[in-house]
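Two complexes come next, and they have one chain in common, chain A, joined by chain B in the first and chain C in the second.
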Partner chain A sequence: MEDVKPTKVIDARGSYCPGPLMELIKAYKQGKVGDVISVYSSDEGTRKDAPAWIQKSGNELVGVYTRDGYYEIVMKKVK
Partner chain B sequence: MSPSAKKVLILGDGAAGTMMGNKLRFHSDPSDIQITVLGNSEKHYFKPDGVSIPFGFKDYRNSVKPTRSLFNFGVNYVRETVASIDVKNSTVIASSGKSYFYDYLIIATGDRFAYEDLPGYEKAASHFYSLEASLALREKLNHFNGGKIVIGQASIPIQCPPAPYEFTFQLEQYLNLRGIRKQTELHYIYPLNRVFTIPNVAPFVEKLMDDKGIIIHKMFNVDSVEPEIRRLNSIEGETLDYDLLVLVPPHRGQKVITESGLADESGYIDVDRNRLNYADYDNVFVIGDATNLPISKAGATAHFETEYLANRLANEVNGNAFFESYGGEVACTTITSGSRAITLFFSYNKPPRVNYESKSDYFLKWTSSDTYFTGMIRGIM
Partner chain C sequence: MAEKTSIILFSGAMDKLMAGSIISSGAVANGMDVDIFVTFWALLQLKKNGRPAPTLSPDAGNMAGQIMQVMAEKKIPSWLDTLKKLQEIGTVNVYACAMFADLMGIKKNDLDPIVKDIIGVSQFVDMARESKMTLFL
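Up next is the complex of A and B:
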């Protein structure tokens, strides 16, 4: 993770799903191939939903990290 | 009108703007607060009835009132289209060229259908998010005699997140009543890994869909539509052919919001989630569908926002202490069959509890346009 610098960071802590995933999909649609998008979420559902969406959409799940009171989910836009 | 009265300017004559003006009037004295609402709608449409009108289950004429008739005495409603908003100089300029100065500004400009975000949409799809669209869909359904119907939403966010499933359940009932359910495949697409935004409600809705034989496609985010061959393609790489496509159009905030520099291209305004202020402006607020708050874009959301903000402004102007904060409260009742509905209450920090379908909730929903026009929009509840 330390080697991958996010192009965009979305701080969605404090909001319930679908807020964080909505933000992630929005960033994905507005982004370009090669962008690395990081979303911070304190929502347990997003920890599962976001990786599932990243994988189903054919993009790269860089990682899911447990931070201090929140999760960080990182994806790379490959299509 | 007292010359010392604070000028409150509200932009928008939809649910949020109208409720705001009426509620603030109830909470304040005209000698303290002068209220002006700018809007350009001749008619005010009760949007929740859109899930019933395409089937002829509701008479659309009861879902529409003249906008001007909905404002309480003491609210100055002006038919104007907002051309630009200058928060630095506390000025709003209308298309007529007239400038409006304010002490407090409340932006309730709602959102719009961004058809341009999905090329081919208007040729391919029907929807039920405006009265005109609902009536056009009613005409299409009158001539529908079986086939494959795909229902869903083109993007996130949309107004009233439960509306797509609510429409689907009523469509299923309609097809049964017409005796063409067996000749019809119903496909429900949804952008998330479930059939509804809220995780603990989704299984309940999914079971209802399974029981009714509705085919579900999760994580289907619409990428493109091909009207000529009646095909829908997803970002995730799936395709679905259809005979009738009922797709909630893409949404964005109003162009004037972006053009005035208040939001990015999405048109939704960043707002303090507990105070509803725009940026660092103590005298500028945003309510209703215009915000980018992570809660439902719905009249019920506006109801709670306006309750908070009307109380706050009335107290602030009078120099009273006001310590409450807005908690993101939402309440919504949605139809699940021909005689049942569910009601969900939730907020930023409290997910909804899963309710059971009930006839009383159905009655609540069925009479909601009356409740809305006689009570909610008037600001008396």
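Up next is the complex of A and C:
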């Protein structure tokens, strides 16, 4: 993870499901192939929903990391 | 062509309207287009002026006050704001019910600009026929 630098970081802490996922999808749609998008979320639903969406949509789930009081979910835009 | 979800918003209760906007988010996340038909008490919540005061569905029982407070504290976005944000990333069409609009003398201009058109039930059912799922809230 440390060697993958996010192209864009979305801080969606304090927002509730499905807020952070929708922010991620918006950034994904605005981004280009190869972009690495990271979303910070304090919401439990998003910790499950976002990785599921990333994989279902055919993109790459770089990782889900537990940070200090929030989660960081990182994806790479493949298509 | 994208798969579609149809939602009929009937209740004007905030919790049901929010369920509608949140399920719409889920549909958009799954690459679906959403057609929403707004009628009766829900339609009154789309008026620009003179909206009835927000209430929760009877299911909330004696928790209503507590939930309203928690939603305010946690700054939960309104159902309408959720739908508007959703339109930035997906296709969400909001239609007002012609029957109820006529009954109450509501014109398109009286409604929030999110309303694409005022249409009849037959036209909406025709849209719903083509969709993968239809919900009545």
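Quick note on the criterion: the second predicted complex is superposed on the first by the 79 of 79 C-alpha atoms of A that agree within 3 Å, B and C clash if a C-alpha of one lies under 4 Å from a C-alpha of the other, contacts with A are read in each partner's own complex, and residues count from 1 in each chain.
Rule of thumb we're sticking to: a residue touches a chain if its C-beta (ideal position, glycine included) is under 8 Å from a C-beta of that chain, and two chains touch if they have at least 3 such contacts.
Since the structure is predicted, the reported quantities are computational estimates derived from the model, not experimental observations.
Asker: In the superposed arrangement, which partner chain does A:58 touch: chain B (first), chain C (second), both, or neither?
Answerer: A:58 sits against chain B, while chain C stays out of touch.
Asker: For A:21 in the superposed arrangement: first (chain B), second (chain C), both or neither?
Answerer: After superposing on A, A:21 lies in contact with both chain B and chain C.
Asker: Looking at A:12 after the superposition, I want to know if it touches chain B, chain C, both of them or none. Which is it: first, second, both, neither?
Answerer: Touch partner of A:12: chain B, not chain C.
Asker: Is the number of chain A residues in contact higher for chain B or for chain C?
Answerer: B
Asker: Considering only the touch criterion stated at the top, classify A:34 as touching first (chain B), second (chain C), both, or neither.
Answerer: Neither partner.
Asker: Once the structures are superposed on A, label A:45 by its partner contacts, choosing first (chain B), second (chain C), both or neither.
Answerer: A:45 contacts chain B only, not chain C.
Asker: Where on chain A do the contacts with chain B and the contacts with chain C coincide?
Answerer: In the superposed arrangement, which is not itself an observed complex, chain A uses residues 14, 16-19, 21-22, 25-26, 29, 49, 53, 56-57 for both chain B and chain C.
Asker: Could you pull out which chain C residues touch chain A in their complex?
Answerer: Residue positions touching the partner: 22, 25-26, 28-31, 74-77, 85-86, 88-89.
Asker: Which chain B residues qualify as touching chain A in the complex?
Answerer: 156-157, 191-193, 197-199, 219, 221, 235-237, 265-266, 273, 294, 348, 351
Asker: Flag every residue of chain A that touches chain C in the complex, lowest number first.
Answerer: Listed in rising order, the residues are 14, 16-19, 21-22, 25-26, 29, 49, 53, 56-57.
Asker: In their complex, what parts of chain A are in touch with chain B?
Answerer: Going by the criterion above, the answer is residues 12, 14-19, 21-22, 25-26, 29-30, 45, 48-49, 52-53, 56-58.
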